[in-house]
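Order of writing sets the labels: A, B and C. Residues in every chain begin at 1.
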Amino acid sequence: MTTPPEIMMHLSEAAVSVELETAEMTLNIGPQHPSTHGVLRLVAKVDGERVSEVEPVIGYMHRGYEKLTEVRTYPQITALVNRIDWVSGFANEIPFMVAAERLMGIEAPPRAQYIRLILTEMARISSHLIFASSYPLEIGAATPLMHALRERERILDLLESVTGGRFHPNFNRIGGVKPAAGAGASTKKVSQDLPAGFLDETRVAMERVVSVCDDLDGLVSGNEIFQARTKGVGVIPVEIAKSYGVSGPNMRASGVPFDVRKVDDYLPYDQFDFDVAVGENGDCWDRYQVRLEEIRQAARIISQAIDSMPSGELQAKVPRIIKVPKGQVYVRAENPKGEMGYFVVSEGGRIPYRVKIRTASFSNLTILQWILKGILIPDIIAILGSLDFVLGDVDR
Amino acid sequence: MSLPFKGLGKGMWITLKTLFKKPVTINYPKEKEIPVPRARGVIALDAEACTVCMLCARECPDWCIYIEGHKEEQPPAKEGGRVRTRATLDRFDIDYALCMYCGICVEVCPFDALFWSPDYEYSEAKIADMLHPIERLTEWLETVPDAPPLEGS
Amino acid sequence: MIAPLLGLEINFWLLLVVKMGLIAGVISGAALVAIYGELKISAHMQSRIGPYFAGGRFGWAQPIADGVKFFQKEDLMPDDADPFVYKAAPYVVLGGTVATFVIIPWGPDLSVRDLDLGLFYLLAVSSISTIGVLMAGWSSANKYSLMGGLRAAGQLIAYELPLVLAAVGVAIQAGTMSLGGIVEAQTQAVWTIGSVDIALPYVLGGQLIGFVIFITASLAELSRTPFDMPIAESELVSGYMTEYSGFRFAAFFLGEYAGMIALAAIASTLFLGGFWVPGVSADALQYLGPLVLAAKMGALIFLFIWMRWTFPRLREDQLQSLAWRWLIPAALLNIAVTAVFKVVL
């Protein structure tokens, strides 16, 4: 294995090296730690400040999702599934719904697809704003946190005005989005279509989001200290990224221009004009820049979608009691954290036989043992933050 | 000293500008934010409309709704007709310590007996008090807002 | 000193006790104001309100409430901690900082004791806090505290040198090491236009680089962002202070803010002219001096707070290379240039 570039950099900086007998110390970072994004435990062997190897221990947050899905119906699973990656709640429901629809052979009407797309991109902006606020905090700057979260509140308010929930919308149904509260023969059905003023407020929110990205550029990206902490740190070469299964912005920062939104058609992304953000070196700086650029592109997609919103129904015609026919399907989607996929096996019936959830953060974390060698302890924190994982996504 | 540290200076300028703007936070509990009409705060029950069909208790992912009922006989509609039965509600409890606020119960009720209300201030000191019985659920009915107007209407 | 001011003959020891009481009051009061200022300014820089409830609309009683809270907390000590060292560490840190208040001149004759070797005494005493930090880090029986303590040792020692060298430049230009004498040297006219004497504080009068070096080194001595590796909240929780709670933590906290006030006062005295304002007579300065010095300290403390909440932190090897490779050569160059100008002009 070739020496990663950052080891070469550190070795060259050691102008005078004295041979001392130093003992290695085993330092336990986590599970309760301010910077591990949840309950992740890293058993690190350190020699002074230099890390020789790290062993990640996960599973502290395992909630048994795949077992839970064995005894619940499809609408119930939809309500549970947006708690996997709780930062971008809406995006977790989409691949599962598309999988069930493909098994049933139905397609959502255009208005429902547009609403799904807008809310998914809002979830993406929300997740990346959380990253943009907490990553500088781990590097040491405390103010960008509040600036980014201030704009995220607008997005969450918009989500709440449509779906009723800020983090866990539970707005998808098989065949579209939630058409009405109240069902059956009731005469008091309350339509859950977009409330008045939603489109205008979304336009304002998108402008504010783009302007806070510019603010963050000035406050964080232009800062020489931030650049010194992130440039050249935690480089993931392209071959290593591909072989470890790293996906999403982490992979795109290493130079691979692959985006599931351009390849699969689980949502009508082909009707919109957007660029895929690609980095060059695959260091922490590139990962940060790729995510900021994705916020801008998401705002672009939402602006186009609002201007061309079709009218129509919110849900295709489905029976009251939904039985999904026999079959199996795998649907993947571009979640904010990476690639998320659901493998649904159905034996016919209201309850699926098996749902396997492939989450992005679990595969992204496999690279930790390779990348955290021979670096200083503050760099561990910088690299963990730049991979942008959430423990709910890792452990399910 | 300016050109090498231009980025630092720009960051400090942004922070200084924010210092003189109005803050965006409000001071709860003296000032409160008003949630949107669709916000999922608490579930209210219209006991008259409920027919004890048990759909909500069955569809709840957490099984946090506890329902008990019995059948009462009522006189026939006309002379010599069949005795009618009417299901009456004995117990309808929602355990808000378990509730996920997903809304499936509100959605599947065929008789519109359950409603969402955006009220959120019902924290208790003891977990057992988070089980809201029929009387409390009926009280929440007053806080249920009208549906907001829709886009394009 | 104060005796001629009051026109009374006071016993030396009584005067000493009064001065100690005054200094204790000044430190506590100024620290409370500085803490409140930091809470409010940082809050408004982040679009939020800050303290609001304690004491009414502006939350001015928040630091007092915090102080009372610290007093009434349980006295905890880890089982494996070294008892004597653990208990002594906060007071060593606090003592080193408080001792620097002795020589700060608040007015023409208003300092506790205007030593001839003022600057030398100051820089010697301010390095006692370094030992306290090491004691805290080692005795806490916690690997994170140990790492914080070791990082602090390296950082504080590395940044002592630029601090000292920047102050030496001022001493050379003033020709004296006593702080009162330095302020007086800044009141000397540099040019004369017509009949008006123009006197410049040293920051404009040739010590600009020294000022920048002194401020940077002060931030590092106080372990404030961007040099807060020893504390590094997102990595080490609280560094060497992690295992301290209650009154001992309050002592560290007070020591940090007292140190900030002391270094701000010293920087104002050395570079900004201290208690002197051009155009005001020496008699008025007996009364206005403290206010002028407080205003200058306030400006510097605002600068410290502003920089803390804007910048991320430097990694320790970047921090060390900044000190040894950039600040020390710059400070040495500053001394050489100052000495040349002093001899030539």
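As a convention for this text, a contact is a pair of C-beta atoms (placed from the backbone, for glycine too) under 8 Å apart; a residue touches a chain by one contact, two chains touch by 3 or more.
Computed from a predicted model, the values in this text were never measured in an experiment.
A comparison of C-alpha centroids places A closest to the centre of the full protein. Comparing chain pairs B-C and A-C by the number of C-beta pairs in contact, the larger count belongs to A-C. Distance from the subunit A centre to the subunit B centre is 28 Å, each centre being the mean of its Cα atoms. Averaged C-alpha coordinates put the centre of subunit B at 54 Å from the centre of subunit C.
Averaged Cα coordinates give subunit A a centre that lies 45 Å from the centre of subunit C. Residue numbers of subunit C whose C-beta contacts span two or more other chains: 45-48, 309-311. The multi-chain contact residues of subunit A, meaning those touching 2 or more other chains, are 143, 147, 150, 219-220, 223, 225.
The residues of subunit B that reach two or more other chains are 8, 11, 14-15, 18, 24, listed in rising order.
In the complex of the two chains, the subunit B residues touching subunit A come out as 4-8, 10-11, 13-15, 18, 24, 35-40, 59-61, 100-104, 106-112, 116, 147-153.
Within the complex formed with subunit A, the subunit C residues making contact are 42, 45-48, 143, 147, 150-151, 225-226, 228-229, 232-235, 237, 309-318, 321.
Across the interface of their complex, subunit C is touched by residues 10, 13, 25, 27, 33-35, 48-49, 136-143, 145-147, 150, 219-220, 223, 225-226, 228-229, 376-379, 381 of subunit A.
Across the interface of their complex, subunit C is touched by residues 1, 8, 11-12, 14-16, 18-21, 23-25, 27 of subunit B.
Here subunit A touches subunit B in the complex through residues 72-73, 75-77, 79-80, 143, 147, 150, 153, 157, 160-165, 168, 170, 178, 180-188, 190-199, 215, 218-220, 222-225, 227, 311, going by the rule given at the top.
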